[in-house]
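Two complexes follow with subunit A in common, the first pairing it with subunit B and the second with subunit C.
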Partner chain A sequence: MIRDNKVQTILRVDLSLGKTRLETLPEEWTAKYIGCRGVHSRLLFDEVPPKADPFGPDNILYIGTGPLEGTPIGMGRLSVACKSPRGTVAEGSCGGFFGPELRRAGIDYIAVSGKADRPVYLWLHDGEAEIRDARHLWGRKVNETDALLREELSDPDVQFRYIGPAGENLVHSSPIFGNRDNSGGRAGCGEVMGSKKLKAIAVRGSGGIRVADYEGFLKAYRNFHRRVAVATSRDVWTPIWGAYGAPVIVRVFNDQGGIMTRNAQEMHWDEEKCNRVSAEPYLEKYVTRAKACFCCPLPACKKQHAIRSGPFEGFRGGNLWAAIPSIFGPLLDNDDLELIIVMAGMCNQYGLDVFHVAYTLAWAMECFEKGIFTQADTDGLDLRFGCPDKAGLVELIRKIALREGFGDLLARGCAGASKIVGKGSEKFALVVKGQELEGIAHRNSYMVALGVAVSEVGPDHTRWYPPHPGHPALLKNEDLASLGVHLDLAKASQGRNPEEKGKVLRWFTMSRAIVESLPSCVFLVRDTLGFDLHPWHDLFQAVTGIQMDYAEFIRAGERVMNLDRAFLVREGFRRADDRPPFRMANEDVPDFGFPKLDAAIFDRMLDDYYQANGWSLKTSIPRQSKLEELGLGDVSRDLEKCGMEVEP
Partner chain B sequence: MIRLKLRYLAHVSMVTGILQEFHETRATSLKTLLDELNQRYHGFRDLFIHSEGGGINLNAMVFYQPPGKIPAPMIDLNSPLQDGATLTFW
Partner chain C sequence: MKRIYVIEDLCNGCRLCQTFCSSLKTGVFNPDDPQTGIRVLKMPGEEQDIPLVQCSGTCLRSIGGNEEPTCVTLCPTGALIYGNLEFARSRRMELAAARETHGLFKVLAPWKWPFPWARPQKDSGKA
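Right after this comes the complex of A and B.
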């Protein structure tokens, strides 16, 4: 079967009834929401009832891709989405090979509703769907599940998505995994998958993807490729990404007071320690081979590694991506790169979210040093910063996934655990909307602070990546204006100047929503591709054959943003929830002299962001006029029906 | 003579073979420093200076941090250098 890309299909799976059926989505959705993340935003709003129990049968888990997947621009991107156990949108994107395989099997989206009465897995092959018994896989780690399923299905090219024991045990923030080390949907998609007793999805397809305008596609792809290739890209991050991957940023951010050290009590780490955990020694001592997502031109993110000697000899894994050295390094004051590799690898094997684990450990370490915990509370573990008991920490990660002993407390995440423990520990639980932060600091970059606070999924820098607007020599304000982006780039680029932050964040969020809906990889938004979306527009038109105005293409991203916000406010979130963590808003940075995030400054940026979006300054609910302008009048009416004050 | 701290990131450290060093120099601008480092590390200058335009490559970065200050990108090859500064190349 050869697929075209105008009409997208969705496989409905009801695990309560044990039934599946394949449907097509309305054809106009491809122009209106594009696909992948955009379609998921529409489906979530329409199909998950307001206030649905996240672990109940009414919550729907969506796994899907979009019209450009399967072409070289798709990069294997896949979106997973559901209502988060914290009530927010839970949506995340991941790479690998599942997305193209799904499309080759004739399916663009899978919508899993209901709950199975025993562990099951889905086996999808060329449009056929089977719900199979997975009792033999339940309790298995991610790498074991991968190996067992691969053997069972006797086909090396089958692609998988699965959860580990953490997802089965509803551990806070568990994502969904694939290709052993890739994860996506950290806001709890793995927890929801576990609640449905769905252990895995396996897919194999033999179809193809036909682009509507082959010559047009080649021309547009070459144009795109010039901007992302190491030799021709005009972007300071491209060579680093191409050769070393993002972990090298730990050294760059440290110089700028941007490394959260000892649970962000400090923002600068010892330089020698930074050198020891950066990408250079990682590449020299541990990397065994490169591994890339489908068709990626910068194959540096997902390197495979092995520890060849010492206490962790023989430990193998991969995908030591950008934030890992930061969150398992300075955040815990740990300069042992091998321990970082093992801790991240344990999270992958047990299906845990690395951010949940790292931030919750850092919170627990601060509790320990402040006397809130003693060794009697921690199952005997010496939990000081600096990680004196390395083997004990590795064991603690296993206990978090299996909810054993002290691990059961940490399995609830920073917010959940601090609520139980109290004693002021809530003030250093680094969370927004119940979700742990990532690796990027706040008090030195106001755009990051704003972006993390307003995100509808909780902290997720891929919603507005990158955190630096662009090379000042590459784009001028008049160039931007000609692209419909009206802002002062110099001011937008100043880390601690609140001016222009609302506007630049809006543009970044809207444009990344488009990239993730095509889909493609936001880490390839290099050169001018973050501001000039014409190359993406050309690719969309060539692949789908849908001719649409550039402004209308941009509006698709704005629709996605507004649908996400509408979902969030319908679940009861308001302006007061769009705040940075207590520590960032109340404590100065001692070593760099950065003051706390002043409330008045933050509120000004928030006003600017809501104003630019056409949202209520009081509540953050999208205004009726904005929703109508975007062709989302039904969303406005739905919000009103739910008793919400939608301003005109 | 001024004394600078030079830090090399990622692919640049492949050219230098080291992550950082202290360097005493009579160079007064970024351009003359790059020329000097090119003598020591063959190909160093080409990583940073565009072969046709002669300006700094748009896919390269030099972060300049005067003593006690927060680093900022250097975009002018004629930028002066101050004793005790740190330069990070990538």
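Right after this comes the complex of A and C.
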């Protein structure tokens, strides 16, 4: 079967009835929402009823790709979405090889509703779907599930998405895994998948993807490739990121004075310690080979590693990614790179969210230091900062996934655990909308503070984080204006200047929404691609054959952003929920001298952001005029029907 | 005679070569197309990827100009080499020498790295 890319299909799976059905989505959706994250935002708003029980049969888990997937632009990106157990949107994107295989099987989206009465997995091959028994897989770790399923289906090219024991046990924030070390949907997509008793999805397709204008595609691909390939990119970050990967950021951030240390009590880490967990020792000692997602032009943003000696001898894994060295390192004051590798590897094997584990451990360590916990509470574990009991910590991660002993408390996440413990520990639980933070510091960069606070999924920097906000060498303000971006780049890239932050955040959120809807990888927003989306616009037109002007293409991103916000406000979130964590707003940083994030300054940035978006300054609900302008009049009517004050 | 040589160690398994190759004749991206001149076998457990070449290297249409097949131009790590046997040997030796100097070349061929590289002094403690 050869796919064209105008019409997208959705496989509806009702696990309560044990039935599946393949449908097509309206053709105009490809122009209006593009695909992937964009279509998921629309489906979530339309199909998940307001105030639905996240673990009930009404919550729907979407897994899907977009029109550019299967071509080399797709990069294997896959979006997973559902309503988060915290009530927010839970949407995340992951790489690997599942996306292209799904499209080649004739399916663009999977919508899983209902609840199975026993563990099952889905086996999809060329448009056909089977719901199969998965009792033998239940309780298995991620790597074991991968190996067992591959054996069972006896085809090396079958691709999987699965959850680990953490997802089965509804552990806070657990994501969905694939290709062993790729994960996505950390706001709780794994929890929801576990609540539906869906252990895994396996897919194999034999189709091909035909692009509408192949010559146009080649031309646009050359243009795109030149900007993102290691050898030709004008962006100095590209080779560093592409070859070294994320471990570089510990030292880079520390030099900028912004690495969260000891549960963000401080923001500077000892330089020697930084060097010990940085990219160079990782490459020299542990890396075995490079790995990549489908058709990625970067050589080694993901790597396989193995520990060859010492207490963790023989531990293998991959993908030391997403600021892992900075959250398992400085945040816990741990300068042992092997322990970082093992803790991250344990999270991957048990299907846990690394951010949840790292921040909850950091919170527990601070409780331990402040005397809120004693060794009697922690099952005898010495839980000081600096990680003196390494084996004990690794064991604790297993207990979190299986909800045993002290692990059961931590499995509720920072916010949940601090509510139970009390005694002032809520003040240093670093959460926004119930979700743990990530590896980027707030008090030295107001844009980060604002972006994390307003995000519809809880902290998720990939929705807006510009790798290098300024780009002064490549783009001038005049160039930006010609691209339809009206802001002062110099002011926007000053860390602690509240000016322009609302506008620049709006732009990045919108443009990232487009990239994730195509889909393509947000880590390739390099060179001038953060502001100039023309290469992506050309690729979209060449692949789908839909002619659309540039401004309309950008508007698709704005639509996605507004749909996410509409879902969030319908669930009862308001302006008061768009807040930085207590610590960032109320405590000064002692050593580097960054003061707390002043409430007046933050409110000003928030006003700017809402104003720029056309949202109500009082409630953060999108205004009716804005929704009408975007062709989302039905959304505004739906919000009014739910009894909300939508301003005109 | 020029042909495509493979350094298996460097393959990261992205399948950019295979996917692009499949499209050059028909305009359809299908890595399983039987006419595809290069296939990447993925070993279970994400441990290793092995490119197999069944192609003379005279590319139907080269994305980066006529001197080099598309797969070699696009290979991000340098796992594919186009040239005669002598050239392929020299590339392998270049890689082996570079690997003595820095761990970066476990994942990337030195001719794909845009910066000149100098080994940092071991005792200085800083890169």
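Just so we're on the same page, the second predicted complex is superposed on the first by the 644 of 648 C-alpha atoms of A that agree within 3 Å, B and C clash if a C-alpha of one lies under 4 Å from a C-alpha of the other, contacts with A are read in each partner's own complex, and residues count from 1 in each chain.
FYI, contacts are C-beta pairs under 8 Å (C-beta built on N, C-alpha and C of every residue); 3 or more make two chains touch, one makes a residue touch a chain.
Here the structure is a predicted model, which means the values were calculated and not measured.
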item: Superposed model, subunit A: greater residue contact from subunit B or subunit C; value: C
item: Touched partner set for A:304, first subunit B, second subunit C, both or neither; value: second
item: Touching partner for A:288 - first (subunit B), second (subunit C), both, neither; value: second
item: Partner chain(s) touched by A:248 [first = subunit B, second = subunit C, both, neither]; value: first
item: First (subunit B), second (subunit C), both or neither touched by A:256; value: first
item: Which superposed partner A:375 touches (first subunit B, second subunit C, both, neither); value: neither
item: Touching partner for A:586 - first (subunit B), second (subunit C), both, neither; value: neither
item: Which superposed partner A:104 touches (first subunit B, second subunit C, both, neither); value: second
item: Subunit B versus subunit C as contact partner of A:280, first or second or both or neither; value: both
item: Contacts of A:474 with subunit B and subunit C, given as first, second, both or neither; value: first
item: Overlap of the subunit B and subunit C footprints on subunit A, listed as residue numbers; value: 230, 239, 242-244, 275, 280
item: List of subunit C residues in touch with subunit A within their complex; value: 9-10, 12-16, 19-20, 22-23, 26-30, 32-33, 41-48, 63, 74, 76-78, 102-104, 106-108, 112-115, 125-127
item: Contact set on subunit B toward subunit A in their complex; value: 7, 9-11, 13-14, 19-20, 55-56, 58-61, 63, 65, 70-71, 73, 75, 86, 88, 90
item: Touching residues (chain side subunit A, partner subunit B) in the complex; value: 230, 233-236, 238-240, 242-244, 248, 251-252, 255-257, 275, 278-280, 444, 471-474, 592
item: Interface residues, subunit A side, partner subunit C - complex; value: 2, 70-72, 97, 104, 143, 146-147, 150, 156-157, 179-181, 206-211, 214, 218, 221-222, 225, 229-231, 239, 242-244, 272, 275, 280, 283-285, 287-300, 302-304, 318
